[in-house]
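Paired with chain B in one complex and with chain C in the other, chain A is shared by the two complexes that follow.
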Partner chain A sequence: MRNLFSPSRAALLLFFLAAALLPLALDPRGHLIRVAAMVLLFAAMAQSWNIVGGLANQISLGHAAFFGLGAYTSTLLFLKLGVTPWIGMGVGAVVAGGAAALLSIPTFRLKGHYFALATLAFAEVMRVIANSLGDVTGGPVGLSIPFMGSQPALFAFRSVASYYWIILGLLVAVCAVFHLLASGAIGYRLRAVRENEAAAEVAGVDTFRVKLTASVISAALTAVCGTVFAQFTFFFDPDSIFSLSGISVRMAMIAIVGGLGTLGGPLVGALFLIPLEEVANAVLSSQAAGLSQFAFGVILIGAILIQPRGLMAYWLRTPWAKTRRAAATGA
Partner chain B sequence: MIQALVDGILLGGVYGVISTGLSLVFGVLGVVNFAHAEFLMLGMYVAWFAWRYLGLDPLLGSALSFVIVFAIGYLVQRTLVQRVLKAPPAAQVFLTVGLMIVIENAALMAFGSDYRSVSVPYQVEGYRLGDIFVGAPYLFAFVAAVVLAGALWLFLERSWSGRAIRAVAQDPMAATLVGVDTRRTYALAFGLGVALTAFGGAVILPYITVSPTVGGQFVVLMFTVVVLGGLGSVAGALAGGIMVGIVQSLSALVFPIQLQNLCLFVIFIAVLALRPQGLIKGA
Partner chain C sequence: MQPLLQADAICVTFGGLKAVDGVSFSLNAGEIVGLIGPNGAGKTTLFNALVGLQPLTSGTVWLDGERVCGLKPHKVARLGMTKTFQNAALFPDMSVKENVTTAALLRHDLKGARAKADTVLRKLDLTPIADADVADLTFPQKALVEMARALATEPRVLLLDEVMAALTPAEMDEVMAVIRALKAEGLAFLVVEHHMRAIMALCDRLLAVNFGRLIADGTPAQVAAHPQVIEAYLGHGAAGKEAAHA
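Take a look at the complex of A and B:
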């Protein structure tokens, strides 16, 4: 069933090869490489979301909670205790994983709309807490990471290219985790849960454990992205990092526009949406406040109405992609 | 304590009407409308403009909000929501989330980010009953909400369209068989749902300022009310609204103002987890 040199694999390899060669062509401190790094970071975030949203079809609207937990944990550990963000990143992943496990207890029976609502409320809880615990989190003002020049041990670099490499590595790692989960036993169990939870339960799948594993891994990876984001942008505040439309919806939207539950979906989605948004911002933000966000919403609605299965559906329809693993990608 | 209880009931009655619309939409169409709070914002803007340029008190302007937002909702359902009625929940969730982003930013473009408020003669007035003080704007909003809730009940109970809505909610197939135009009824229910919420937005204008992001303050509140009362239950939403109003004003006695909403969120997640069918059965 799995051909080592299938067209999809070739396309994936080509993507990463192009991504690896890209910095050579760009000014290492310029704006374009920053945009490219954002594309990869959002692809990694969407891929993390895809583990829960795509494989298990649990539509989370609260992944910003884990993203923010990652950013806050590493940044606070560094600012208050001087712990290097490299370690903070790991701690953040553990904290977010723990939070996801806790959240699983009340939400694991919920489906569809109800699950979306509960996760949305959870991210809102995080935002309210971060805003109100002023002496710990800096409150609504947010946190900024002092610029220290180039100190690799403290996750600080002068050149954007260095961040780019780290983010690329992160994306490769997240994609590898997704692939392992999707093609391994847990992937089959998750798909069984997605298709028919009661039947999966009867067939001997421990549905709670499977969903718990997926959501903990997804949350931990999202938190790592959060730490990287904080180091990359030097500044964040509760309303932006726990944002519903800015983070939670965007992560999900990239995966959906690309192709829900597919390995390539988040990559295609990020490659399509983030530059589009960047251009929209550059062209439209001078016109009127809100116009680029407006366009973002229109694209989301259009994507849902025109091709609810995402851009990957077009790829899967091409003759050279047809032969392969329709079964492995599922829906 | 009793003062807080009274405040809570007055607030909660309005929350009830605001959330009834959301519940109606879910009950009939089976779609959770994440954009619902944005229609509240639209209703508030209509009432604000009616006050500013026509000199209408928001309590009267609310009728205008109801009509205009009903028309918008009818069209939105016909052109967009209808297409995802049979789609999986993910498509429905993201269609309405997209709608939420579009409406909020359209308002930002059209009206700017300024906070706008009205001034009405009774704004700071109130009535005293022994130790209890009742603010006039809160009381009037509550009365308007109760009147509208009564009208809604009559409409659903007595009119042909109202019966059609209930029939479609119970069994769309059977309703079609007995001659109900389900598509029209879906649009009617959606329009009515958002119009109720817009009306609620208009009557609270005397004590809440409007801005393009005001919907965000109400999203979780509305969902909490609806989930408390049982998604899809109109009477439940009213009772849920009063409960939420009371919780809010009682928690204000104990917690600092920033943490007020936290209470709501925790109740919300707990109710979803323990009794997703709502605290109140039937209705």
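Take a look at the complex of A and C:
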């Protein structure tokens, strides 16, 4: 309780307050509020990823698998059985959590790049399956959610602002989960695993169980983001929802550029990268094919080279953020 | 009386190399046993095999009548045996207290673990550096924090891998006093140490290993005078000269 009003907390509150007030200043049906909603959604996705990637240092490049499982589960349940996506969202989270648990058994023995490659392969397999099971998933054509006007019980709204509020709520919830994990007993164990697995085991940490718990929670939250994304965009296909560059790498990149393992990292990273990508697209895509992606890539590399610990490192160096641990655990 | 720790003919093989070759010994509650032998004799491998970090090729390890070989290290720790690492394998991004708290979580909830960490830190005189980052510690401090972390798991058998390596004689006396106090509480120690002064002063019994084999088991004086031990340390022929001098 001592740190209730620490500057890090104040900054966090300020961020959420600004995010809550933003729709009042924007056209509720305009493009800018969509971009703002995407910033928050990607922040929530990156925060979900941060639980395994940041706290346990298991760099997954396959989180699109869980994102897509969430989107497909809720959408198929709705289209085929008429189940509201609110329930589908929960089912999707369970399916993704189960998939993460199954994936953990063979992959947790792998370290570093090998773990990253195995998760990457898993997402690719999911993409191929979704493309080939045309009868169930609609195959490469993808799935569309019919426009039904405003039906809150069916997770359908007319204004973008409604989705914006839901996404903001989701981000707050994911950040709360991250904070609880990071500052609780499991946070100690995850950090121990991240820093020295053998020493953690000898000190009594069940490293497999700790990593498994983190993976399942992370995958379930990512699946919830997938459902919200599907409802928000009304359409998705296997190549976009299971995309390596569009989803998996972007989730990791936002957390890394923002600050791996910190509560603020995914927020700062999304706030920096998503608008940057928008601007690069708007300004450069008419100039030459691929120029905007090129510029975006150059900026990304620059950001990592200049500050490998992420943008949060600048905040943590200020006199307001006294200890790096306080911020790392969101205190 | 049944020994607290009993190793029966344990072997660890890496490819064709027998790092630990049929070693058997026992350790009683409240006993301090030193494990000596030249570099590469297999001391650290033996430690790793006992706590479950290194799978045994053959043989059995019993801890208070329970078979612990084949168990993961965290299960061995729960049953009451843990070790320290030769080069202080602390969690570098945590404070001293957080390192110790992590280990105390084995038997307590977070609040209880923090209290346990405070108790252990006080016992080892580490309270003044409780909030320090481990990256800022000196090597002797790291070794002590490593010992504190191991003690926070509330072991009955503690394997210490060169905790006194970089200590001054005064610091060494302090650590030995702590070890003796814990011994009085019934804790059993298996100690790898290169400081002969510490080993001779501290240990009730010595085990000497060379090329993975146990070559002597006895009181410090017996083992120090053992011809094979002298040969292992000083080379072939030294034992004979030693005997001629005697």
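The definition used in the following text is that the second predicted complex is superposed on the first by the 320 of 331 C-alpha atoms of A that agree within 3 Å, B and C clash if a C-alpha of one lies under 4 Å from a C-alpha of the other, contacts with A are read in each partner's own complex, and residues count from 1 in each chain.
Rule of thumb we're sticking to: contacts are C-beta pairs under 8 Å (C-beta built on N, C-alpha and C of every residue); 3 or more make two chains touch, one makes a residue touch a chain.
Bear in mind that the values here come from a model prediction, so they are computed numbers and not experimental data.
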(request) Go through the superposed model and pick first if A:E195 touches only chain B, second if only chain C, both, or neither. (result) second
(message) For A:I145 in the superposed arrangement: first (chain B), second (chain C), both or neither?
(response) neither
(request) Return first, second, both or neither, reflecting whether A:A219 touches chain B, chain C, both chains, or no partner chain. (result) neither
(message) Between chain B and chain C, whom does A:A96 touch in the aligned arrangement: first, second, both, or neither?
(response) neither
(message) For A:L316 in the superposed arrangement: first (chain B), second (chain C), both or neither?
(response) neither
(request) Quick one: classify A:A203 as touching chain B (first), chain C (second), both or neither. (result) second
(request) Mind telling me which of the two, chain B or chain C, contacts the most residues of chain A? (result) B
(request) Pick one for A:V298: touches chain B only (first), chain C only (second), both, or neither. (result) first
(request) Would you please give the residues of chain A that touch chain B in one complex and also touch chain C in the other complex? (result) none
(message) Under the definition above, what is the set of chain B residues touching chain A in their complex?
(response) 32, 80, 83-84, 87-95, 97-102, 104-109, 112-113, 212, 219-220, 223, 227, 256, 258-259, 261-262, 265-266, 268-270, 272-274, 276
(request) Report the residues of chain A in contact with chain C in the complex, numbered from low to high. (result) 184-185, 188-189, 191-192, 194-196, 198-208, 325, 328
(message) Per the contact definition, I'd like the list of chain A residues that touch chain B in the complex.
(response) 53, 57, 59, 61, 105-107, 109-114, 116-118, 120-122, 124-125, 128-129, 131-132, 245, 249, 252-253, 256, 260, 288-291, 293-294, 296-298, 300-301, 304-305, 308
(request) Provide the residue numbers of chain C that touch chain A in the complex, in ascending order. (result) 51-53, 72-74, 77-78, 82-83, 85, 89-95, 98, 101-103, 105-107, 109-110, 113, 149-150, 152-153
